[in-house]
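These notes concern the structure reproduced below.
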């Protein structure tokens, strides 16, 4: 690796990016511990890693770790609005092949994906599934170089499972998204906080006293709903799944159809992994001044098409706030163009929570290298021992001690004969 | 069925028991709807059902429903302290063969189990696993009459999975406990409320301002911890599982070892499914006046043996409160003799939550009859369609409407080609 | 005092009552400390104290303390349904002149008041204002013996302030109710918990998932609303005061008129200190199965008259639960006959919180004796030093240490010249 | 008023400032309603208003309203770090005499105060008390022109009450800070949210799972503690007042001395109105990585002097984050130089909450003009009718309807004769 290919906004932002990376490293103790090991063992020595991730300071810490493990890393953005340009610059300067800048056009976005694929990566880290989908649909000739991939989002895992069902999947994928130390922490606690953060930074509105509608009560939606309540909102949940709807009710939230919620909400956040969750029929019912935001992976949850069609005027009122004046005279405020509000309007998940998600990614990279010959082209779960190891390291880094099973307890749990 | 065999405390309590059953039926709309269907279809016609359950008003509603489906029902208690004697009397009067009274001795408890098994039941409903274990260990000759069984607790499911692993399981079991409409509601919301209720009824102590230690952060422990916080306690969680420990931390609780917690707790509740969670070494560290309660299935979580050994005096101070004066001079207050505090000191789960658990049981009984010939001697999950049907009925009974997937959304979710 | 006059339900209940009193004393450390002092100093030596209080185990601890201070105590019940008969018996046996039993008729209630007044008390402890009102209206000749009175409820203080405004008040009254260590703790935390407790004991319904309407967002209403939310309810607040209504909104609750709330509530609790808060027009709108309870002092907040008038049938369904079948066919469930649900259906406030309220009463009794000659016939606040002393003792009893102001800090706070 | 005197950072920022002001006006419906009236009635016609306030978009809406009422307004900043330069520019352009920019030096700060005083204002709006203190200490000759002043902070009101006690106060002051629609909303809900916001924007750390220490449990501290818990923190409160300490305990928080809290906290926020709340002895005990922030009015709550003295190195790590490396090797992170973190690192209180505080200020300005001849040089409370009027307008703007007292209820409340 004598030369770093990259395309970033401005390489001179690197100094500030480095400070951000340092700050993140101070809050990602588990990944730093893993890096130490990787430096010793070089588990990715000589391999090429292609990553399509939100280019944030936390991703930077992961990418530095992969490099420390011996890999050459090619990085593009998994979302056109989520790149932190200073971090991208710092990584480029350190020898990471970064192709990412905030505000990429659709064409540029796919151009960047291809730069990464063209490097013939052996391992793929994906966030939303675009990198691996593109590999399958447009660069099938590169598949034979790939040991396996990892996917970080619910959305992406759904796509790969669909591909597996149809026999279209050609590489093993580890569903990092689904593992407890990722899903329960990143999705619930990370998304919860960073969504509130994104709304505050973009609007500065009072959350207390507002009627706050959360679309979807999966792990992400749950995190958002609880934090919104924690900030004093009166929260309404909409769902299509009767079991999740019941959970929301039992957790003290109101549950109703989107059509009912549309009339009374002050702030709406989507977190469903689905399309057109807020659409024309809902927008027309909303109150003047309603705020719309999305925390799902793709910017399809709020129908931009519908919103534009029913509007007579659009203007930018603040960073990440666009005012849509509808033909009916009401004004709706769309945050971050309907993209992930927590990444586009804030800084994404806090480092502490990404520490766990990305520690999974680092250890899974190692695991794929070791095991790829035995693996089939399907979606795998994270091995339980990796998950538990991360949890134990995290507790340790927080100074928390927990109990251990006594021998009597082990016997009791594993033998049905002990009984009553 | 010309004659009802039964043994209850006092048959003349039946009138009051009937009022309780009526009250429960008014709060169990889903099960009542299922009963209506069962009356028409008689799905259990001519069959014998053996049930080992907490003999509460809600169980009564289930048992009435099974009878309405055509079954002859034999009922014993799954816990010596949880029987509501008036309900037992009312059921006996209505033709249910009940063998249960509050305060059964160990010997009587097993005698009652055997009365139920001796009836040669075709279906077994178990809560804790004692009925089905006893069938295997002591009445193996009756196994051939059994279509299958159902188990309602985490503890019991653990036992049957262990039996399955060892090849000892001889009948198909449906793990009703594990299905979302049971586990997520009964364990979390039911146990949460009824544990607080049991503590309040037995002690009337102020929860606010107390240091409240919850042992175990599974579904039950989580429910208890959240409700204790909701009542104003400062909650500490102890765990052996690093992932659950992290969740507790992220939910804002303190996490520490039991040895640390023992020194500072005012109220301790166990909900682990394990044995000797609070034992000698912990009791000796506790503050004068500490209160000990258990919400796990068996009365083994607090070591009674240890407590007795280190005490110099015991006296009953209130219903369900025993004062143990330790040799070190401190007084510990044990609730409900270490048995399920929510059942022994309160009335168990509210009817609304049992509505879901017991609707599962009713529908699974029907399902076992229909499918038993295809089933193997292993632990089955509740079929997803049954679970979702119950959730939908429950929402309907609460007057709640939720969204449906549009065609566009179905396409999006199930096809990976739609992509970005 | 050679002979104890008393009228209780059954003197043989005394043994059980004594256990209750012991349990309460173990949870009232501040009052016990004060008792120790009183035993030494006999501050009420030779005086007669008349008390109209809820005759609970906690009141018993207060009354024992007053007796220990040298007083002869005459006690009647401030509510016909709140007397704990075993405690009354125990007190009678110890030499307190008790005239109270659960389920007193109106006539008996006033008879008991007069027994207390006829003893020519020097100090009056009132809870609701009936004792002192009766003194003024029916026994004015006894006023000259009275050093002063104390009032424990918002309701009562309102009455005495009205009397003061009209020049009708003839004795000094200390508004114990209004002092922070009473109002903020007893009303908020005590009423909050004990109201939930009363609802659970009487109905055993699931709180989670219910729409829970709290009428009034004063200290009591606030306590109830927060605890109901803490148990998983979706809470609606009704108010007449715009500032309190705004607070409820900002705390995340829904606020609406009673007419709107009536249609959607599952459980209603009044805590306003006012009359006919739930009345005919609201009852007619309610859902079948709605539950009505009152936590305000008098049983006038839910209009019993209206409820009876629109009903065609009433039956008792459980202890403290009456089913009213309206002429429109719907069933409403009234708890504890509309009396204080926390006292009538549970055990009233926990000992820990009464510890503070009653420590105020004990110290104010001493203060009235010392200061009565200087006092005028008006409503006084509790002297701040008494209030703070109680708070400090309470913290100490809980093992809590707090910071002290440094000299620099005292200077800073008290001198405006320090400035920026 | 032919010429606007001003000094701002950059007048060309006005366009952006205007957008901010528009956004704020859309969220301040009560103040906008008052402005409408003021335009009609010109209650401040020909008067000069001097204001020392945080120069934010919300202050801009107030200042526009005062101008619309006919006043000439002179505005300086009440904090060197809280000025939004674009808003300052927009106001200057609209004819407000603004002397404020972010990052003023101490000398510049006092220079700006004097520009305002030199305009010989008739009304003074103060936030922290510096303007009115300076008037008294350095420009006593201008006092005769002053009708009265208003003070917006706890800190300032404490100063003026001290001055009143010493006879040093020469003008009437209205303690806007103390009125319910200010204190209960601005301090509790405003400070709560904006403090969390300031911490998130400056650090992006995870709040969930952190030990969060709040110094002071007054209105502000309470708001912060509840919101921190709402975001998943485990919250510790420190206090010097035993009653507030007890409230914190009963609200479920841990309470301890600062020395104990110092050892275990991850994030510290001061909100006491006092000096040196976090000082050398505490800093030396803190964990590596601890974060320190202040939400009290003055930057004296965290002793900067002590922090500098015990540090060997300081560097800026992010906007509003300085890393102090202590001589003991540990790193402490100070936010916003110890100034109000909610204003310096975020945007201050949300518009919705300032709507109420500033509506008070607008109406009090009118009230002072009408009543100043009757007033004495002392600290007045906001007249209750103004407070209630604002609450009613706010509810109306939120579309909330509340109940009204019936005639029966009014009679009941105001007559003690109705009784039981």
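Think of it as A, B, C and D in the order they're written, each chain with its own count starting at 1.
Criterion: a contact is a pair of C-beta atoms (placed from the backbone, for glycine too) under 8 Å apart; a residue touches a chain by one contact, two chains touch by 3 or more.
Owing to the predicted nature of the structure, the values given are computational and were not obtained by experimental measurement.
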item	value
Contact-graph separation of subunit B and subunit D, given in steps at minimum	1
Chain separated most widely from subunit D, comparing mean CA positions	B
Whole-Å gap between the CA centroids of subunit C and subunit D	38
Separation of subunit A from subunit C, taking each centre as the mean of its C-alpha atoms, in whole Å	53
Per-residue multi-chain contacts in subunit D, two or more chains	189, 208-209, 229, 232, 246, 249-250, 398
Pairwise touch network: line, ring, star, complete, or other	complete
Subunit B residues within the subunit A interface of the complex	128-130, 133, 158-160, 162-163, 166, 168, 180-181, 184-185, 188-189, 238-243, 245-247, 249-250, 255-258, 260, 273-277, 298, 300, 387-388, 391-392, 394-395, 398, 400-406, 408-409, 412-416, 418-420
Residues of subunit D defined as touching subunit B within the complex	208-209, 229, 232-234, 246, 249-254
Of subunit C, residues touching subunit B in the complex	19-20, 22-23, 26-27, 189-190, 192-193, 196-197, 200-201, 204-209, 227, 229-232, 289, 317-318, 321, 346-347, 350-353, 398
